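You will see two complexes here that share subunit A, one where it goes with subunit B and one where it goes with subunit C.
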Partner chain A sequence: MRVIHLLAGLALAGAVAGAWAQKNPAEAGIEEYRAMLADGNPAELTEAKGEDLWKQKRGPKNASLETCDLGKGPGVVKGAFVELPRYFPDTGKVQDLETRLITCMERIQGFNGAEIMKTPWGKGEKVTVDALATYVAGQSRGMAIKVPQDQPMEREYYEVGKRIFFTRGGTHDFACATCHGQDGKRIRMQDLPNLTKNPGDNAGFPAWPAYRVSTGDVWTMQHRLNDCFRQQRFPEPNYGSDALTALSVYLGVNANGAKSTAPALKR
Partner chain B sequence: MADPMRIRAQASGDKAVVRVLMSHEMETGQRKDASGKVIPAWYITDVTASLNGKVVLTAEWGPSVSKNPFLQFTIKGAKAGDKVSITWKDTKGDTRTDEATVS
Partner chain C sequence: MKKTAWIVSSAAVVAAAVAGCAGLPAGGGGNLDAEAQHMLLTGFHAHGIAKMDRITDVDDTVKACNAADIAGKPLDEATAKRIEAENLKTIKWPSDGKYLGDWKEGEKIAQSGRGQTWSDKAGEPAGGNCYNCHQITKQEISFGTIGPSLYNYGKLRGVTDPNSAAAKPIVEYTWGKIWNAKAYNACSNMPRSGHMGNLTEGQIRDIMALLLDPHSPVNQ
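Then we have the complex of A and B:
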């Protein structure tokens, strides 16, 4: 009899411990709110717009991007997103999704790539790049990230990206790792993904481009990273710079194996 | 020309749940741009939903509705194969209609 009581007591203790491990009501509430928002993710509108832009004949050369090589051969869109950034022999560089799209716009459609990179956020052809990136990313929804590391240059970019991620500086003596180097951290109500380990969190690298409810538009990874530096009070890196691509390689390789959720929805 | 809407309509039992995502700036007219000038109001004022051509919902909207609005409602008696059509009109007189089939 005493044994049974003891067992019952243990079972009760177990149940209580289980309840503690579960999410508190506030967190459950936020999750419900996010699920409701996800039902009508406006990134889908951008995705549809991007698909149109991909197929449309545009630019000085009046050509569509359907022959654009995103790493898996000309015109192959499905699965391209999860293998970027990667080394491209034709440009001799490691490129991420946005810079590769700009290369295509320059070579196939005759746009001025340098001009697009200098265009402010949300203006002119920068908007086109955002929409195209959203479309391309959406074509790999649910696929596992597998950013390659076969080329020596890709491995070099990883190391450089890692260095940038852990470099502390600015007026606040911050590094990317200050916020994104540990599990279970958050800023206000926003969970912070740990971006330093593998398999990574799919709220991090595999979620961008994403629609941001707070700004009411889609941000690509370039925009996200730029703003991370701004928030750290660092000088903002140039759009399409090798530094940002290197950082993307580091984050991407760490995220290898995680399922892509892009284009996702962010607060 | 406004961008297309995304309309999904799913039947379950004798009802169909319709989910609409509209692409619109929904500018309130209360904001100012970088140079301090008021950004003119531009938002959807009227929304109409029809089932096989018969109006089932009308709504009057104002500036407090969010950018890229999401609208969800249920139509009684809608079956798979029925056509749901949504129309909006904004303050500039621009209008857009999109149609979807209940699945």
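Then we have the complex of A and C:
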């Protein structure tokens, strides 16, 4: 069964590579590589790890996260990802997936949320948050993004996020919009999604968290945005800051209707 | 001293504006602008060479272009012309009158996308980031498309001798465009490489040669 699946995948990769051959050899090679990898996305391992961590009793309070409310009621994971960020009455804040998971780890399991926020990528409980986010995202695979705009604060964050998206600055006068404000553009060989509107099913907001082939690990949306700002020559955004949440609301609402492919596979 | 005063006063304005808009429904442009500024000031921190002044200390060109993009309307013609004129005045022409350097060095600079991020070190020469957005030589197939193709740049413009009087206008324009792109297009996506101190005069000479030297692969 698995062999048949693999063979079908290779045949598909071959056929698609044929079509791409009209572009240029390097481009076709990269696309072929992607198509072959798509048959087994290493993010699935992170997803499985996240599911274990969700169900495990952990932290000072020795509790599981199975009562965590991600916006659709305590313990409801399916469909939660495609409706985040959203306003949460119990914190009085608009929260994205990762900041909401940290709220749950703090309130249910007794972890120190501020400490987790300050932890570097790939260390300590930050790794747990990444795995949990990957698991939660995977439970909405194939569902349409529908980031809500019902609450006044959600609408306010959209408008603020839009302003941040168009804010040039730094040594190169770059804004998010410099690279992600037009259709059909590239940086080197890398296609750039236009994030001022629905970027499609496997690009931008609906694709993250994602396994990055170039770094060999799963990056969450917070991590993705952090590295965008690095390349934008900005100072570093604080993990979990309102600025990043507002930006995520802008990107999420623009992507409404796209099918979630997270955790996706990326360059 | 002057800068500290400015930051303190702008922080006070932002705080007042944000306090005034608690619970406001979306739509009031001024308050939302202040809230965006507040989130930027509180949501970022200096890391390595990337200090907070990269957000707080932007010039009138950047402010006007940001406002236009947020409003979804291009700058009116008079404002655009004024901004272009201001940027034109900042251009430093080559100190020895020599516009072209070595195209081989220019190609290396055009290839490099390094420099000025928080993971780059102070004092290390930056790259030009040129191929990130432009096609340049035919040999390099990994090029971006945010900017126009520069393949055959000099040839298409009839430059056979970059030192000739006939070539002078295009040579000067090209120098100016690399030094400060906003002198010719107020809200251009292109960085102001000389003006912002990303590239040195010598590096710009080498990129000039890559684009304009008849022997450069760009013009074959």
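Basically, the second predicted complex is superposed on the first by the 232 of 267 C-alpha atoms of A that agree within 3 Å, B and C clash if a C-alpha of one lies under 4 Å from a C-alpha of the other, contacts with A are read in each partner's own complex, and residues count from 1 in each chain.
Keep in mind that, in the parts below, a contact is a pair of C-beta atoms (placed from the backbone, for glycine too) under 8 Å apart; a residue touches a chain by one contact, two chains touch by 3 or more.
Only a predicted model underlies this, so the values are computations on that prediction, with no experimental measurement involved.
Undergrad: For the overlay on subunit A, clash or fit between subunit B and subunit C?
TA: fit
Undergrad: Please determine whether it is subunit B or subunit C that touches the greater number of subunit A residues.
TA: Touching more of subunit A: C.
Undergrad: Is A:C179 contacted by the first partner subunit B, the second partner subunit C, both or neither?
TA: It touches subunit C, and subunit B stays clear.
Undergrad: Looking at A:S214, would you say it contacts subunit B, subunit C, both, or neither? Reply first, second, both or neither.
TA: Touch partners of A:S214: none, neither subunit B nor subunit C.
Undergrad: Check the superposed model and tell me the shortest C-alpha distance between subunit B and subunit C, rounded to whole Å.
TA: 13
Undergrad: Any idea which subunit C residues touch subunit A in the complex?
TA: 23-27, 32-33, 35-36, 39-40, 42-47, 50-52, 54-55, 58, 61-62, 65-66, 69-70, 116-119, 129, 131-133, 141-146, 182, 189, 191-192, 196-198
Undergrad: Can you check the complex and tell me which residues of subunit B touch subunit A?
TA: Residues in contact with subunit A: 3-4, 6, 19, 21, 23, 66-68, 70, 72.
Undergrad: Using the touch definition up top, name the residues of subunit A that touch subunit C in the complex.
TA: 24, 26-27, 152, 155-156, 158-160, 162-164, 166-175, 177-179, 181-182, 184-189, 192, 229-231, 233-238, 241-244, 246
Undergrad: Which residues, counting only subunit A, touch subunit B once they are in their complex?
TA: Listed in rising order, the residues are 39-42, 44-45, 48-49, 216.
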